[in-house]
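First up is the structure itself, then whatever we jot down about it.
Order of writing sets the chain letters: A, B, C, D, E and F. Residues in each chain are counted from 1.
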Amino acid sequence: MINSGDTAWVLISTALVILMTPAVGFFYGGMVRKKSLLSTVMMCFASLFLISVQWVLVGYTLSFGPSKAGLIGGLQWLGLIGVGQAPNPDYAATIPALAFMLFQAAFAIVTPSLIVGSFVERIKFGAFLIFTSLWSLLVYYPVAHWVWGVGGWLRALGALDFAGGTVVHVTAGFAALAVALVIGKRIGYGKDNMEPSNIPLVVIGAVLLWFGWFGFNGGSALAANGLAVSAVVVTNTAAAAAALVWMVLSWLHRRPSVLGVATGAVVGLVAITPASGFVDPLSALAIGGIAAAISYYMIVLRMKLRIDESLDVFACHGMGGLWGSIATGIFASQAINAAGADGLLFGNPGLLWVQIVTVAVTAVFSFIVTYALATLIDLIVGLRVSENEELVGLDISQHAEVA
Amino acid sequence: MKKIEAIIRSEKLDDLREKLDASGYTAMTVTEVKGRGAQKGILLEWRVGEYRVEFIPKVKVELVVNAETVDKVIEIILSVCSSGKVGDGKIFISSVEEVVRIRTGERGQKAL
Amino acid sequence: MINSGDTAWVLISTALVILMTPAVGFFYGGMVRKKSLLSTVMMCFASLFLISVQWVLVGYTLSFGPSKAGLIGGLQWLGLIGVGQAPNPDYAATIPALAFMLFQAAFAIVTPSLIVGSFVERIKFGAFLIFTSLWSLLVYYPVAHWVWGVGGWLRALGALDFAGGTVVHVTAGFAALAVALVIGKRIGYGKDNMEPSNIPLVVIGAVLLWFGWFGFNGGSALAANGLAVSAVVVTNTAAAAAALVWMVLSWLHRRPSVLGVATGAVVGLVAITPASGFVDPLSALAIGGIAAAISYYMIVLRMKLRIDESLDVFACHGMGGLWGSIATGIFASQAINAAGADGLLFGNPGLLWVQIVTVAVTAVFSFIVTYALATLIDLIVGLRVSENEELVGLDISQHAEVA
Amino acid sequence: MINSGDTAWVLISTALVILMTPAVGFFYGGMVRKKSLLSTVMMCFASLFLISVQWVLVGYTLSFGPSKAGLIGGLQWLGLIGVGQAPNPDYAATIPALAFMLFQAAFAIVTPSLIVGSFVERIKFGAFLIFTSLWSLLVYYPVAHWVWGVGGWLRALGALDFAGGTVVHVTAGFAALAVALVIGKRIGYGKDNMEPSNIPLVVIGAVLLWFGWFGFNGGSALAANGLAVSAVVVTNTAAAAAALVWMVLSWLHRRPSVLGVATGAVVGLVAITPASGFVDPLSALAIGGIAAAISYYMIVLRMKLRIDESLDVFACHGMGGLWGSIATGIFASQAINAAGADGLLFGNPGLLWVQIVTVAVTAVFSFIVTYALATLIDLIVGLRVSENEELVGLDISQHAEVA
Amino acid sequence: MKKIEAIIRSEKLDDLREKLDASGYTAMTVTEVKGRGAQKGILLEWRVGEYRVEFIPKVKVELVVNAETVDKVIEIILSVCSSGKVGDGKIFISSVEEVVRIRTGERGQKAL
Amino acid sequence: MKKIEAIIRSEKLDDLREKLDASGYTAMTVTEVKGRGAQKGILLEWRVGEYRVEFIPKVKVELVVNAETVDKVIEIILSVCSSGKVGDGKIFISSVEEVVRIRTGERGQKAL
């Protein structure tokens, strides 16, 4: 039976999550040099329209269609045939099946847009489109099926991932590292100024992400109930804690920067994602605060290693998602969500173990497949623009526009 | 006629304009430039750590004046813009051969 | 009986649609030269506050008040007297009458803001205010009554317009063409650079439009039910398909531009609007994709004709709305919405015919009345700023501000 | 019993109100000189993460915990212990207690961000953080308890404040005046150009505020019912009326400015806040229109007095909130809200008297405590940056960043 | 060789470029500047009341040309940019000793 | 003393600065300008079709140096900024009569 309140909440949550993909574009776009600002915004926007179409055609059925041996969804729902206004009780009994479908679409859309941060300012737009289409097919849809699909093998194992810490952030973060290694550094990396061109735009992006994340985590309850509320509360709390900790760390270093607190907030949001339906507000403070420190020092390390994973998708999403998934194994409590499980702090070390396995499998899978995919695309069509195109900037060279 | 080009700290512009105004030098042209000199760049904060901005935002003030008044103007600029710290900037003086007032087509001294 | 879920959905949908009017301002504002950016934003913002007030006073009753011969609403609800917290079952049985009123206000507000794109950079702000107030009275309220008012003559004919393809987009698009012809070209049109001054702002506008459109179409179900969900799904799908097609077209020409995909997305949203409560996702792919091609080549034609309908409101909204309304006659299916009708593809050519008549009547009506209105205002107070004011830009000359 | 529609509405309203705090940052940030734009955005963003954490730890229990003599909440709910997914019928019987908690958090967050407008471009960031933390403890939590806490003494008196005209706007407005007097004028005030650096950003802020305010006032019904709808309707109407009046006033003076109408809209939103659950749309027109005139001339006066209360928080929020609270005593009607009271126009002068007392007490309390607090902080750590830091701008001197 | 520096109203740039083009002077460099002269500032609207912007946005057009063509260019500038109202701007002429075309390394006249 | 004004492609600035630095010419002033020359404009994409931008963003680098070092600097600029394609830009050399260091008030050579 469809419940109008639950449907209203999932619909608006979907709208919020869809808004997040262009928000990633603003967040990233303001951080690159002006000459590639539009190209960065464009790649995220392209994730939105490209994956929207792919999802309707094949993505949904591959991710959530009747399971083939726990590994991938069957093709029964190709083109959304059979996905209608009636609920699909396997996933959500009180909202139309189409509502669950579109909510999940928003996740499939935002995930590849996160990876954009690793190869900005040097990728061919055409190669990007090929990469994104194939990456979704080869990495996202399988992992989404494993963790969230009925019959998925990691789900069967008992892995908890409320809103995509593993499915979204770990996959994107490790993929980002892989592509960065394949595509190589920007010309002048570590030598020229690569200053952020538009910090107000970064903040606009971060703020829309924070806003959208209420739908991301709160909507994952798939109902407007106590659990949705609890998820929203811990989401806000973890974001705030992480921003605060990042501010302190950057102040200890020298100055509390706007770029820093915006990044911190996003890291907090990432880390709480898998845990958001299982933990209480005080745990959220801990999860967010610790996440900020982990990502902060991972960026320090990444810079020392002189890897041009340009906007630190690995440090923020990969490590944030990894920590959040593990933290779920520590802080989860059935007092918050009876359908969940207790974590380490509540006497159940088993969950922690499952979480570690899940994260490890996903991270390794995403890294290897992405590395192979990027290498292949590079060989066949070339990932990278010419030196001159890179110097002139991707806005003019790829899109014939200026920001 | 001489052109005085002063490259100064942006934050001094309001004060300088006022002092020049007060002494009757109201006409000037201002450009936002970026500079590099003894000061090298400045360090700004990135998400983590910092990065060097090689060029520092400065303001270039150009005044075309009679040769006799050059020293007076230099003096005003020095009095307002000199903080004694690296990065105060430079003044360059060069010759201008002719001036035309677009509004009237007048030339020379009276066009200034 | 008021249903809280339905009410929540219509309320938030209303908020989303109200956000669209300033979003149009950003979308347009970024496309004009910097010297008239603020003036463009201002005109859209002015639609918001001007029509908000007019609607409360007379607009609602003229549009939805008890019908006078199917032509216009009566004055019974002047100043919203009698429009209260209880539902009006004629329009929506499960939400307060005031909720339906405000949701409709948002449509009346956004429509004149769309027209702004045709006369940017040269209209007197005062003349614009007069034009907008009178245009709503003479064009929008009547057409809204015809198509949506109980007793309205086009509604009686069986015309389907789920969320305003005809009422909003066809009226605005043809009005835009009319005003452009009356006011004439910008000085230097076809000669000087008229480059977009702020493409990131265009994208911010487009993204907020996409976001808001979930309320526009989804809210038009006036309930949080399967139909609302279906409408949101096809909305997202059509927008994505149109952006994709536009990208391909502009790439075939030369480069895939950000301005292009943003425009494509909006065109897809326009085209799906009338159909959104009647078609399935695969039809949405077709409707959106075809819409992009139609608008694209209409702009090519418009530029050949050297008409300075500056931001292509006619090509995007006029043609997009026209195609969408006709497409409703082709793709509509009672399997999606039992209260709708079947279209050509489902064996009912009659609907297509009704749709064509509706669009034709509305287009002609809007064009003629607008042409007359604009001519009259031009004669009496003058539509256009002085040459010097135009050269200096409307921001300084009309508002004494700089962007 | 939890109602899913009510929960959905309060959740999304909460998201909307949380978005308002960074929106204040954009609104203010665009109005200051470019060299302090980021610092202004940062201070508002910092209110978000700082107070989010403080609220979870102590703010909620101090504001809404079991009352100590009507003056302050007890510490029973420290760290949100005992605040769960079940409703707390004292505040809202149909939504989880955590939902009410977070909705209220959003108000506690936005209030100190409003004050930022008074001391932009010259405050030390560290001093700002101390000020904001202590101000919430000393002013906001007590006043929130007095007016909204069960057992609060002003609530017991019968004061009506639907969504925070007194609690939010009067406290912030009078606090702003106090800090401005303590911190003193910006260097060059009244002499140098202090032009707004980014009016489009101001409009983005204003628009997000308008959007968010639907949640602010509509969500204050704590249910998706007729009252919520009514509140949203009057909110939109008052904002529009105020923008319209401001436009006329600024046109009478010289030109209708974008900055003016954006300000007018915000003032209208402020003024309707306390009244939004008690008045009808025509009253909203009056309340908004009059508010615009009051704030307009208050700014004229403030400028004559040469007080550098830089972005007129006092004129807009202090006077807007004061007028709105008094207007509630005039226009309130039990026909709109049976749980409210009738105002002067409906034959009950008693309410007006209570409203005046409430406003007066709050204004005096906020002014005095804030003045003392600011003075103290100035003595101990210093409120103001050095002269050179101020000239260079706060972005570089406090955050080592440029906009 | 001479450098012509004309500070003009921004809104005249498109016209000026076209006229210069038509007369064969296609090469020029344009800078956005802010100026102050007889025009003092302009008044802009604040939320309430107005404030004076001391510097007005102008455009500086620089052309390096042969000494003989200076007068022709001045004439074109005057014909396009002179509105007779305060704020039309100024033209400054000065000497350039050498020109190098970066593409080829050519110097002097033929590098122009 | 001479002023070297080089109008170059924006994307060459980082490289040029580095090379100049390496040779000890650290002081310079940079302005964002728009230019037009043999290159005419560039075509950018509009929603549909394209439009010509008449002026192309360039960077102007100004260095005031001793007369003797002019050729050395020109050489560096040519080596970095010459791609052989239309649009590489120009270098203009002119005389500067006096330099003042604002920080100290020093004049002439030692103020450079």
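The working rule: contacts are C-beta pairs under 8 Å (C-beta built on N, C-alpha and C of every residue); 3 or more make two chains touch, one makes a residue touch a chain.
Just so it is clear, the structure is predicted and the values come from calculations on it, not from any experiment.
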Co-neighbours of chain F and chain B - touch as defined: A, E
Chain copies touching (chain A, chain D) - same or different residues, decided at half shared: different
Rounded Å distance between chain C and chain F, as computed from the means of their C-alpha atoms: 49
Distance from the mean Cα position of chain E to that of chain A, given in whole angstrom: 51
Whole-Å gap between the CA centroids of chain B and chain E: 18
Interface hub residues of chain C, defined as touching at least two other chains: 3-6, 8-9, 12, 193, 204, 224, 254-255, 257, 259, 399-402
Residues of chain F touching at least two other chains: 14, 31, 43-45, 50, 54-55, 83, 94-95
Interchain pairs in contact, sorted by label: A-B, A-C, A-D, A-F, B-D, B-E, B-F, C-D, C-E, C-F, D-E, E-F
Chain D - residues contacting chain E, complex: 193-196, 250, 253-255, 257, 259-260, 263, 296, 299-300, 303, 312
In the complex, chain D residues that touch chain C: 3-6, 8-9, 12, 16, 199-200, 203-204, 207, 210-211, 214-215, 218, 223-230, 232-233, 236-237, 239-241, 243-244, 247, 254-259, 261-262, 265, 280-282, 285
Of all residues in chain B, those that touch chain E in their complex: 3, 14, 17, 26-31, 64, 94-105, 111
Chain D contact footprint on chain B (complex, rising order): 10-12, 14, 18, 42-45, 50, 57, 83
Interface residues, chain E side, partner chain B - complex: 2, 6-8, 31-38, 40, 54-55, 58, 60, 74, 77-78, 81-95
